[in-house]
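Letters are used for the chains, namely A, B, C and D, taken in the order the chains are written, and counting of residues starts over at 1 for each.
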Amino acid sequence: MDGDTLREECGVFGILGHDDAAALTALGLHALQHRGQEAAGIVSFDGKRFSSERHLGLVGDHFTDAATLGRLPGNIAMGHVRYSTTGETVLRNVQPLFAELEVGGIAIAHNGNLTNGLSLRKRLIAQGAICQSTSDTEVVLHLIARSQRTRSADRFIDALGAIEGAYAMVAMTRTKLIGARDPNGIRPLVLGDLDGKPIFASESCALDIIGAKFVRDVENGEVIVCEIQKDGSISIDSFKPFKARPERVCLFEYVYFARPDSVVSGRSVYAARKSMGINLAKESPIEADVVVPVPDGGTPAALGYAQQSGIPFEYGIIRNHYVGRTFIEPTQSIRALGVKLKHSANRAVIEGKRVVLVDDSIVRGTTSLKIVQMIRDAGAKEVHIRVASPMIYHSDYYGIDTPDPDKLLANQYATLEDMCRYIGADSLEFLSIDGLYLAVGGEKRNPKAPQFTDHYFTGDYPTPLTDLEGRDKNDPKQISMLREAV
Amino acid sequence: MDGDTLREECGVFGILGHDDAAALTALGLHALQHRGQEAAGIVSFDGKRFSSERHLGLVGDHFTDAATLGRLPGNIAMGHVRYSTTGETVLRNVQPLFAELEVGGIAIAHNGNLTNGLSLRKRLIAQGAICQSTSDTEVVLHLIARSQRTRSADRFIDALGAIEGAYAMVAMTRTKLIGARDPNGIRPLVLGDLDGKPIFASESCALDIIGAKFVRDVENGEVIVCEIQKDGSISIDSFKPFKARPERVCLFEYVYFARPDSVVSGRSVYAARKSMGINLAKESPIEADVVVPVPDGGTPAALGYAQQSGIPFEYGIIRNHYVGRTFIEPTQSIRALGVKLKHSANRAVIEGKRVVLVDDSIVRGTTSLKIVQMIRDAGAKEVHIRVASPMIYHSDYYGIDTPDPDKLLANQYATLEDMCRYIGADSLEFLSIDGLYLAVGGEKRNPKAPQFTDHYFTGDYPTPLTDLEGRDKNDPKQISMLREAV
Amino acid sequence: MDGDTLREECGVFGILGHDDAAALTALGLHALQHRGQEAAGIVSFDGKRFSSERHLGLVGDHFTDAATLGRLPGNIAMGHVRYSTTGETVLRNVQPLFAELEVGGIAIAHNGNLTNGLSLRKRLIAQGAICQSTSDTEVVLHLIARSQRTRSADRFIDALGAIEGAYAMVAMTRTKLIGARDPNGIRPLVLGDLDGKPIFASESCALDIIGAKFVRDVENGEVIVCEIQKDGSISIDSFKPFKARPERVCLFEYVYFARPDSVVSGRSVYAARKSMGINLAKESPIEADVVVPVPDGGTPAALGYAQQSGIPFEYGIIRNHYVGRTFIEPTQSIRALGVKLKHSANRAVIEGKRVVLVDDSIVRGTTSLKIVQMIRDAGAKEVHIRVASPMIYHSDYYGIDTPDPDKLLANQYATLEDMCRYIGADSLEFLSIDGLYLAVGGEKRNPKAPQFTDHYFTGDYPTPLTDLEGRDKNDPKQISMLREAV
Amino acid sequence: MDGDTLREECGVFGILGHDDAAALTALGLHALQHRGQEAAGIVSFDGKRFSSERHLGLVGDHFTDAATLGRLPGNIAMGHVRYSTTGETVLRNVQPLFAELEVGGIAIAHNGNLTNGLSLRKRLIAQGAICQSTSDTEVVLHLIARSQRTRSADRFIDALGAIEGAYAMVAMTRTKLIGARDPNGIRPLVLGDLDGKPIFASESCALDIIGAKFVRDVENGEVIVCEIQKDGSISIDSFKPFKARPERVCLFEYVYFARPDSVVSGRSVYAARKSMGINLAKESPIEADVVVPVPDGGTPAALGYAQQSGIPFEYGIIRNHYVGRTFIEPTQSIRALGVKLKHSANRAVIEGKRVVLVDDSIVRGTTSLKIVQMIRDAGAKEVHIRVASPMIYHSDYYGIDTPDPDKLLANQYATLEDMCRYIGADSLEFLSIDGLYLAVGGEKRNPKAPQFTDHYFTGDYPTPLTDLEGRDKNDPKQISMLREAV
């Protein structure tokens, strides 16, 4: 609510050759809903026309009735769920985006963020392109439209060659479904199979929901082109058109974003999170009576912490499942009562106890402060916070919405003691960067070639940040923007 | 309802330099609502950003509350009301359309139709343009974006140089409001003035509603550029950048489209319609007891017919003002009852009478047939139809929605007698083409240089019909269309 | 908008024995829409259950699709259109109202107003009744529910015996459709016939729309009970259970409310209005160039005035058909421009002319003032107002919404000259009460036994005004009201 | 979805004397949202008028903005959340219900169900009462309105004396807030205190959310009347007007309905559930590798089972938090894929393991069957189901929605083995009735005077079931029902 979480921007899904393509895409997106709750869209192709439905809101609110799915005919479909960073959750920004090319239509959907999107946009406008959205995905669409290549797959690769940053992208044409991952593989993308029909999805949980098989991760820098042949068979070809770079998956996928039942780059997210809790218990033990997870993110790590430490695991905080996105904070006079809309303390397991609270991460610390107070109000004797990831110092530019760096807890207080005092806990400890690497990958961080991207902890960005250069000169506010509520 | 009317596609309005620009635009569009009831949009500029609101429905339903107008700040605004020909009344087709150019933003709104829009669209797509709407107005926007000229007004003129057909167009940039009319002046556009602030509007009635003064018609082929200078003064410059052609205003503006209180090209629409009735009475007199207008279009002509003939004018047909666009025709079993949703006969003035029914025009004749039956059911002794315009034989390609030619009454029956028999009247007469020219312009039609465009009556089209050439080869269905309900 | 009109509160319609009962009721209500635009409802019975649909808004907005009509099965149906006087247009006030009685369900719909409704309501509450609406129609429902009679028709008559005021009421049970008119017949109600199926409707125009025959007026004080017999035949029985009183139809039905094509108590409304204009021209002639109606109410009277006086009739005021109820008045700064949302002057027939403006009635005069100014702004040399009804001095308590008496023009100024000066006209004349009686009934007013009710002109109320007695003691605000927006 | 859960019908909340009464009621209802998600309503009184807002949907969707709360002024407020059993989720059934009495208004809200509601309704209708809802709460309102007592609190007690069944009821008048619990105390109700202002709420968690203190449970058969005195102080009086009966709280509040952080009749719900798991492990041990809860209901019992058995507790099933009520099941062809909309298996902790699945209860068994299959598909070697409550054989008539008895798993199969085979598990065990009593109350069931009501397990109903007697004669379908979609 108050910016005290990181947010993933998007999830993508596509399937080729299945008669229920749009319905399966809706289910896949539903399983990816945790990656973006503000809007969803699906495009399908039925041999004659592309059809599209895009809506603000949840997949389950808009894509589940027969009427809507009936407007999305065809055996190729792809979709997108979105969390928007800017507050401009307007319909024309909702993906997939579509363009009618000379060679036929193409639709694309994108999870990630370009680090040279603004620079490219300016160049395209100077060349006469008309931008309808404020999304950098539209830049990719223009690059495709302007490519001099003949085949649409080649045009797509052409466009990818011009962009920098993070992307897991799915595209579809009249006969093809294409999946692509950026050269570092920052954002995840997997290839699945349902009765011989290929699927791309941001996470493996989107395969599980429809009973599809996990085939493999799309590799960093790989473009996979699936095409329906004239005889109805489906070809699957892999391309590596760009200069090879080391894979560096985003660590926050393991810490917070991905669903626990997903397997990202070959590692169970749930197992990784439990290991973070185990490593945290090894690094920062404490004498206590009960281990309590901060729901829901902290639960697997808390279980690991409890198992490693031998301290009993208990549900000391109950989450209210009915907190919608629309629940507005009450007035100041009511807030003063210490209202707990989202969580409440379970006094039965807290009263008189020394409590270890385990959370997945701390961003600004404002929520932690409230939770510590709530636990104390419920009668805890001591409250010790253990965080299953390192301190966050830096902004992300690859598709995660982060607060301004000066709002981050780690930048507001000079020492761990000061942070602990602000939050009101009896002790506060974070998992070390090596503890995190060990939990996820089994090895410590290799400083010369880090196995993951960890820039929010370390400032080590895996790509150039082109749009940030000479920022003052290129003030984005110089552009004549159109504001339109739709 | 059943295609038995012609429909105007659009109305435009813009104002420069007034603090209430958006509210005045809403009022102007409200006065132009008869030119398009399906959607409306307004764009404004407040010195920093362009703002836009576009909605399906009436101006009065969406643009009258303080909240909406508050989202349209600034002292430049323009708007558009739309009737869509194709049934695709989707939001992305609603005007004004906007583009962010290298030199700043530009918005355009268009009344009319291009006769080479499809050809231009194909060429633009081949060059890498991405089209979001199915409106040919977007083609103009792309031409502006791709122009090599530096100043936005020059780019706009550049784009107009490439298009053919009918247009009354309004455009706005950060400092300018521009009005333009096609070389033949087929669609109307007037220049007004409110306390020194220039206004463009499709009809003079949009000036009257806000107490603005009528200055003059924008001339055929003229581009008028109004600009706020740095000192706050407003300059108004006229350009005639295209080869001179004779003015040929669309006669249907006088016959049916324009509001009776408007003055189009210097002629009162109401006076013209009364004269049509007078001339009709001279050309086709009949002995009768009562002159009854077919509301609302036929009323001024009926009054003229009554005054010329000396036969009393009476309201023999009462119109139900509550017929909304949403009233669905009832089921067949109910239709068989002869339900009159829109009109009802006023038996008190019809029973036992010889009735002259005066209508503005006949398109397919299906409505006339029902009205004659209704008048007979109410006890009329004789029913004579007098139509205040000639027979319609041809399609319009300049912004009027016409049925397929083979559906037109004039093409379905070989003789006036056959038409009369189909409709069930005792007699049927149409105004002659010269009678119409005399009523509107005071002179007969000059066959070598007709003073108006009258192609629906005569087949004499004032411009090339480029998109119709070789139609089979250029099947528009070859384009990969995107269907999206928004 | 600003209370400068009188408003009819309601229209009713019912049909018995027809398979399309609900659809025909929707059409009948559509024809009665001028009697109430704020809400509409239909109840039907299919042999097992009563079904009901009630909506805020127009009939054409809610009762025209197959889905809605499909939720209203059965061959008995009745409905209601409503204009609410109080601003409390909430759904639970929308009629028909329904009650489940021991003997089966009953639904009622009411046009009119009770003059002892509040007194009855208090007594019923004291007896333990629970009132859900603020409508006095619910009082009738409670009286029916508490009647000791066995048969529902007898219970209905029992209830009518307790109420005072004006009512045209339609009721339905599982087998009956009942129509009733108050002892004075203040509000109109007609009996119609469609292929042997009886219909009740507020006005004959609701019969015309579905091609039904007019049978006769329901008489004052008459209750007509139509019943489907076991053999499928329909019986129609007339009762006159109350003490006989003279018929006194409300004159405003002729002056303003009823549709011109309706026949009320045997008199054509259109013909009556034209006669009002003729009598007005005889009573108050003036030298002028043009007679202009104030649309739409003044049009037939203006035609009569023109025919009688020989002065040409012209459309000098054009009405904007797109003024919805939702069009909010613009801000003060814009209002200062003299915006004409509803009407505009047709300069072509006004400029330089001496204009006779004919209106149906004047309530507060605020609209007249604006229209005179508009006509003068359009260049009229003189403006003379002729009003086709007498001055209004008194409130109505029979179903017409009237402003507070001290807001009425006739009570604000002592002399006709002062009123004329306020309005800004060159002369102002009203039709005399005898002129009105002659136009409607053919005879002058009989002061001992007036043929109509004319209390708003004369203060001669046809019934006791029970609720007004001792008003201070019985302050309705002492009741614990529930305010609920639905 | 398919009736394989039991559903609580309602939750109630009220507060007296607080300036933020409506906002606090909204928060209290939000904490009680798990007791009813279909509709919510709040009534307030501001010294002059009662105000009401009632909406279909969640509290967080309708009662959180300043505008809505601003329409609920005053320092007395009460509210209700509802789950409807019949599918008739229409607005007029949404509580609180209100009546205007001779002595002033009264509003009531009810959690529970009457066992003589239909009998009372018939008698009331015979006496002339008009019923607007199909809710039996309206019956109570009529009894209050018809009581001969003078004071509204006495009338309320009068009405309670006539009803049988289960109720936790809150009522409010202009100065009072009243809480009442049926003679057996079947449904819970607590008294709280916020800075001296009394509160009634279904569960203590509604006190926690606003930081209010828990005072005590309202006792079975007790009526507590809180009243604002003239000097502003608040009196609280307790009445026991009915014949004393033993308290028998509904066991399902502990098994499933109440929130784990609530304390019901002095017992922590979370602790009771953990004890159920512990007792279950004692009664039905099994050799296995992992204990997996069926989320969310089975989680505390699973934790107890794991702690008692020493088998590791793991999240083997991941719940999708975005399953809304509106998510429609996909088509048959898609269902055949085994779609898991609500849950998915966490393969990382299941593959190759012997799994103990712990669930709170089994109703029809259809969900269990799917979950077992899902766990097997994820590679489990064995699947053992342990249910933390006894088998369900009988319908509830006290406010819990239960399937027809013949649909219950326990009635469909003769033996535990058959049930186990149907579900597809390797073993299946239920907690014994004594095991449940021990977990909740610390003692075995006393067959002569059971400490709780457990009729769904035992058939031992704590009250007469009046409406069921002679059911055929009193066919509810003989009543003329009104069906209305609002």
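Criterion: contacts are C-beta pairs under 8 Å (C-beta built on N, C-alpha and C of every residue); 3 or more make two chains touch, one makes a residue touch a chain.
Everything numeric in this text was worked out from a predicted model, so none of it was measured.
The set of chains in contact with chain C as well as chain D is empty.
Each chain gets a centre from the mean of its Cα atoms; the one farthest from the centre of chain B is D. We define each chain's centre as the mean of its Cα atoms; on that basis chain A and chain D are separated by 37 Å.
Mean C-alpha positions place chain A and chain C at a centre distance of 62 Å. Centre to centre, using the average C-alpha position, chain A and chain B are separated by 50 Å. Residue positions of chain B touching 2 or more other chains: none. Across the whole structure, chains are in contact as follows: A-B, A-D, B-C, C-D.
Those residues of chain C whose C-beta lies close enough to touch chain D in the complex are 43, 49-54, 71, 91-92, 98-102, 104-105, 125-126, 128-132, 141-142, 145-147, 174, 479-486. Residues 19-20, 23-24, 27, 30-31, 33-34, 37, 58-61, 64-66, 194, 205, 208-211, 259-261, 263, 268, 270-271, 296, 299-300, 303, 307, 312-315, 318, 320-324, 326-328, 330-331, 333-334, 337-341, 344-349, 377 of chain B are the ones that touch chain C when the two sit in their complex.
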